[in-house]
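Chain lettering (A, B, C, D, E and F) follows the sequence in which the chains are written, and residue indices restart at 1 in each chain.
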C-alpha cells in the first residue's frame, strides 16, 4: 500500500482554514463521536489528559471511519516519546513548550531517520502498516507534520527563528501557558493577551509558516482567524460536555 | 459501617422531583463529569451501551465524589444479571421490558434474599463493602429501589397490576420502545404518543407509585413533569456531546 | 449521514465470492493486521474466543481503515445478545446452532424493530452513529445480514425450510460441530464429512440463498467453493500464528 | 503437547485433602500472590465477583508459575457460559445452585462433546493450546472436573441422586445460601446449620464422591474436614485483606 | 465548586498523627478495600508498583467514598511526571530520592504555576473538576502537599536545608533505600539503622517540618512515632495479603 | 522460595545457541501462542511496540506455562525505566542504543543495588515474588542478564570497550538502526551491511561476550549464527501474521 496521505498537512500548505477540537476524554467512544462532528482535526491530548500510548492507539482506531485528522499532543519534546507515537502511526504532532531554535530542531530530528535525524528504525510497526507501506522509511517524512507550541515570552522572542527551522510545519499559540508566563494566569481573555496573540499570529504568518490556536470563545476564534490562524481549535470535549450538561441541569433544577 | 442510604429512593417516596441524565459513554471520565453537573441521578446504561459489570463498577467509582445517585439499567430482567450488579453495590435498578405482574414480581424476587426472593448470598462483596456493613443481608432491601420500564401495549394494559407489586418502587415510561410497539417507530414526538404518555403518567401516579420518563426535549420534559413524572431524565451524554460539537463545527465550517 | 453500506451483503447478493478469515486473537492490533491482508471479511468470534461487547467494539474500530467487512459471531442465538451487538453497529451476524425454522425466525426477529421483530429501541447508540444516520430505525434492516450456522443433523434436515425464512441472508456450514454431531469428532477431513458438506453446499445453493464455510485446508476450500460456497473463510489467526511460528522454530531448533 | 494434567482432580480421586482459597479481587496481581501462598486451589469467582471471561483468562495466566490449581465458579449453570470458560482452558468448574439430577446432568453435558454432551467445537482455542494438544477433543473430558454446589433444601433432598450422576466429580456445600434457604440468613455459624453441614458432608462422602466447603473460620474448617470435606476453602481474599488491614489500622488509630 | 480541601495537609500542619498504608496492588478493588480500613492516607505507588497515570486515576476514583486521603508516589522527580499527576487531581505527592536543595526546589516548582514555578496550564482537566473549581489556577497550591523522601547519606547531610525550602510540606525517611545506601542492604531493622532513623526524625521535627516513615513492624512504628513521625505508614497491601494468606495456608497444610 | 533461575543467561554462558522471536503484538494471547512455539526466548518489545509496564506484566504472566524466557526491550537506557521493569520481575533486558562505555556502565548500574549501582529498593514487589524470595536483594543480580544493542558507527567503534564492562552479558547487533546510521536506510540485506554484521559478530565473540542479532531471513540467520551469534531472533510476530495472512488471501483472491 501507499503511504497514507496527511490531509491536514496538505490543507495547511494550501492555506485552507482547518477547524479543530480538543479530545481529552480518553474514551474511544468520545473520540468517535467527535471524529464525526465535522471538524478537520482533533487533538488527542497526551499532555494534559491521562492518555498513554496504548490508549492513544485505541483512539486513533476510533477515528478511522471519518476524514477528521488525528493530531497527537505529546507530553514533552523528547525523542523517546516521539519514537513511540511515531511507531503507532501518528503523522501530526503538537509539541508543547518549544522556546528555542534548538528545541524546534530537536523536535524535527526526533521524527526523521538518519542522516536527517535520530528516529529509531522499526520494521513492522503500525506506522508502516506492519510492513505494508512501500518505501516507508525513505518516505515517512513526506506526510509528517510538526506543529510547535509558542507559549512563553522566550518563545515569542524566537518566533521567526523557530519558524525558519526546516521541518517545522506550523506554530501554535498556547494561550493558557502564554498568559501564565506573562503574569495573566487564568486570564486568557484579557485584552492585553488577546491583542498580543493577534500580533503573534501576524508575526507567524509573516514567516510563511501556518499559525494556529485554541480558544473555546467563538468571538475570539473569529478574531484569531482574522489575524491569520489557519488551524484553529474551537473547543474541548470535557469542557463542552461539562458546560452543556450543567446548563441542562440548571434549567430543570433552578 | 451502616448501610449506605439510597437518597434517590427517599426523594421518590417524599415526592421530590428528581432530575436525571443518561450515561452511555462507557467512560469513567464522562461519568465523573456528569456526576458533577447537578443532576439527581444518572443511568449507567447496561442495555443499549457497551457496558459490562467491570466497566459499570469503574463508573460507579467515578461518581462517589458527588451526591448524584447511580442507577444501573440492566440489559434484561434476569436474576443472574441482577445478582452480579447487586454484588457490586447497585442499589437502584431500571429494568427493561416489564410487561406483566409476573415479570415485575420476578424482578423484585431477584433482588431479595429468601424467603422473600431468590438472591444469592455473597459474604464479602462490594455491596456489603467487603463485609463492613452491619447486618447487610437482613437490611439490604431497605435501600434497594426497583424501577420498571413500561414500553409496550401489554405493559400499558397491566400498569395498575404492575404498580401493585410489592417492591416495585417506580414505573418508567420508555418512549422509544413504546412508540415502536404502537406503530410509531422513531416518532416519539407524535402528538398521539405524547398524549398517550401523559395519560400513562397520570395512570401511574394514580396507583400511588412514582412515575418517570426520559426525553431530551425540554418542552416535553416539562409537560411530562406536569403530568406527574417525578424521576425525569432530560438527556443522554452521547447525544449531547454529538449535537453540541456538531453545532460548534457547523458554526465554523458553514 | 447515510446508513453505512454493507458491502459484504451486496456482494453475496451479487454472487461474488467473498473470502474471509477467522479473528480469535481478541487483540485490536491483530484485527488491524488481518483487516489489511486482503480478505473480504473477518469473523470477530464472540463464541469460541474470549471476546465481550466492549472488546468487539475495539476490534471493529481497528478495522475501519480498510474495506474488509466485520462479521460478529455471537455466542448464542439470544435477542439480548443480538441487541447489544446491534447497538455497537454490527451489521452482519453469524449465528451458531440454528437447527429449526423457529430458531432462524427468532434470529431475524431479534434484529428487526416492531412490527417485524422485537429489537429494542436506542436513540443515540453507535449503530446510528450516535444519532447521525438519517432514518436509522426505519432503514437499519436494509444493511443487516443474518448468516446462520448449519452444524447438526437436525439443521441438515431443515436446510430448505431455514433457507426459506425471510431475513436469512446466508447459510454457513460449521464443519467442526457437524462432524462432532455426526460421530466424527475432530475428523473434519474424513471423506464422508467432506462429501456430505459438498452435498450440503449444493442443497443450500439450490434454495437460492448463499452458502458459506470455514476450512484452513486450501484444497478443501477450493472443493467447497466449487460446490457453491460463496462466503468462504480460509483460516484462523491463532492457528496461523501458532503453526507458522512453530515451523520457524522447528527449522532452527531441529 | 500432551493434555495438561488436572492435579486437583487426581488428588480428589486419591482422597488427599485439598486446601483452597477464594479469589474475588478481580486483579491478576492478587491472584498471583494467592497462587504462591501455598494453597492447592483457588476459586476465581465469576458468580459473586465482577469477573468476565477476559478477566478470568488474565487471572489464569497469573497463576501459571505455581502449582495451585485454578477453579472457575461460573455465575450460572448454562451451557453457553460453560462453553466460553472451557474454551479459555478451564478444567475445573464450581457450578452454583445445582438442586436436581437434571441440573447436574446438564452441567456435565455442557462440558462433553457429542454424543456424551453438547459442548461446541473450537479448533484452535486456548483449551487445546491453540491446536497443540494432541487429540484434545477426544481426551478433554479426562482432565475436566465438575463440582456442584449444594445450597438449598431441594439440593439436600437430592444429594444421593446428584452424586450418582456420571461426570460429577465433587459436591460442595454452600453455607451462605444454604443458611439463607433454611431461614438462617447470614447466620452460617448457627449450631443448627453447622450440624446440618456436618451431616451433609457425611452423606456426600457416603455416596463415594468427594465433599467440599468454604468457611473462613478455622475451627469450623477443622470440624468440616473431620466430617469428610476433602476440598476445603478456608478464606476469601477481599475479606482477608479488609479484616487484616482494619486490624492494623485499629491498632494505631485506637 | 470550591477547591477540594486537603485534609491530610491540614492535619499535618496541626500536628495530628496521620496513619497511612501502602497500596501497590494496582487494583481499584484493593484500593477501595484499603480506603475503608480506617487509615488516614494511602500511597498509590507509582514508583515500585506497575501503575501508570490512567490506572492511578481509577484508583483515586475508587477512594472517593471514604475520607482516606490519596497520596501519589511518583517514579521520579520530573516536572513532566508531576504535570500529568497534577492534572488528574493529585494533591499530595511523595517524591523519591530528594537529596539536595535544588531537587527539593525543583519538586515544588513543578507544582506551581508561574511565576512561582513551571507547571503547565490546563483548562478543563480533572484537577479543576473539568473547569468547575472557581479560581483553580490561582488557588491550587493552597491544597497541594509536597513530601520528599530522604533516603541517602547525601539527603541526610542536607536535611535542614531541604526542610527550609518553601513549599516542602514534609520529609519522609525511606528506610529501604537509606539502609541500602549506607551499606545495610535489606537490613532495615539493624539497630544502627533504627537509631539513625530516630535521630533523623528528631532532626526533621527540629526544622519545624513534619516527619514521616514507612515500616510494617509495629514496634518500630511506635518507636518512630515516639521519635516524631507524624505521617506514619504501617504496612503494604501486597505484603499483607501475601503474609496473611501464607499463614492461613500453613495452618492447614502443615 | 528461591530466586527464579534465568535459564537464558545460563545457556548464553554455556555457549548454547538460543533461538528467539520478537513479540510486538501487545496481546497476552499472542504472547502465549509464541511462548509455546518452541523458541528459547521472546522479546516483549517496549521500544517499538505500544507496550507499557502494566501490559508487559500481563504478557509475562501469559508466558509462565512455558520455558521460553521473556526478555524486555526497554524504550530507553534510563534508570527509572529499568527500575519499573525490574520491579515486575524482568530478569533479562535488551537495551537500545548503547554507544559508549559510560552508557553500558549506566545500564548495569541501573540494575544493581548500592554500592554496585543505583537501583531503588522495593520490599514486596513482584521481582521478589511479593517478598517470598529469600535474600532477594543481595542475590538479584545473579540472575539478571543485560544485553546491549550495537546499532551505530559509534557503538561499532566501542565494541571491545563496551564488552569489557562488568555486568554486560551480551551484545546484540541491531541491523535496522545500524543500516540507517551507516547510510543504508531500510536496506539491511545489502551485502555491505551483511558482511559488516558478520565481522561485528566475530569481533563481539572475540571479546568473550555472547553476540546476538535479529533477522527474519532464514539464510541470513544461518550466516549470522555461523559468524558467532548465539542469541538469534528469527522473526517478529506482527510481520509473520501479516505476511502469512497476505499470502493466504492472495492465493484465493488472485
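In this section, contacts are C-beta pairs under 8 Å (C-beta built on N, C-alpha and C of every residue); 3 or more make two chains touch, one makes a residue touch a chain.
Values in this document were obtained by computation on a predicted structure and should not be read as measured data.
Peer 1: What chains do chain A and chain F have as common neighbours?
Peer 2: Where chain A and chain F share a partner, that partner set is C, E.
Peer 1: List every chain that touches both chain D and chain E.
Peer 2: B, F
Peer 1: Using just the Cα atoms, superpose chain E onto chain F and tell me the rotation angle to the nearest 5°.
Peer 2: Fitting chain E to chain F on C-alpha positions yields an angle of 120 degrees.
Peer 1: Using mean CA coordinates as chain centres, what's the chain B-chain D distance in Å?
Peer 2: Once rounded, the distance between the two centres reads 34 Å.
Peer 1: So, what's the distance in Å between the C-alpha centres of chain C and chain A?
Peer 2: 40
Peer 1: What's the distance between the Cα centroids of chain A and chain D, rounded to whole Å?
Peer 2: 53
Peer 1: Counting only residues that touch at least two other chains, what does the list for chain B look like?
Peer 2: 26, 29, 33, 36, 52, 57, 126, 130, 132, 238, 241-242
Peer 1: Please categorise the chain-chain contact pattern as a line, ring, star, complete graph or other.
Peer 2: Basically it's none of the tidy shapes, so other.
Peer 1: If we use the touch criterion from the header, which chain pairs count as touching?
Peer 2: Pairs flagged as touching, ordered by label: A-B, A-C, A-E, A-F, B-C, B-D, B-E, C-D, C-F, D-E, D-F, E-F.
Peer 1: Which of the residues in chain F come into contact with chain C in the complex?
Peer 2: Its residues touching chain C are 19, 21, 25-27, 29-30, 33-34, 36-40, 218, 221, 232, 234-235, 237-238, 240-242, 244-246, 248-253.
Peer 1: Which of the residues in chain C come into contact with chain B in the complex?
Peer 2: Interface residues on chain C, with respect to chain B: 52-54, 57, 80, 83-84, 87-88, 113-115, 120-126, 130-132, 135-138.
Peer 1: Could you list, by residue number, the parts of chain B that touch chain E in their complex?
Peer 2: 1, 28-29, 32-33, 36, 57-58, 61-62, 64-65, 126, 129-130, 132
Peer 1: Show which residues of chain A lie in contact with chain E when the two form their complex.
Peer 2: 24, 26, 47-52, 55, 75-76, 78, 96-97, 174, 176-177, 179-181, 183, 185-186, 216, 236, 238-239, 241-243
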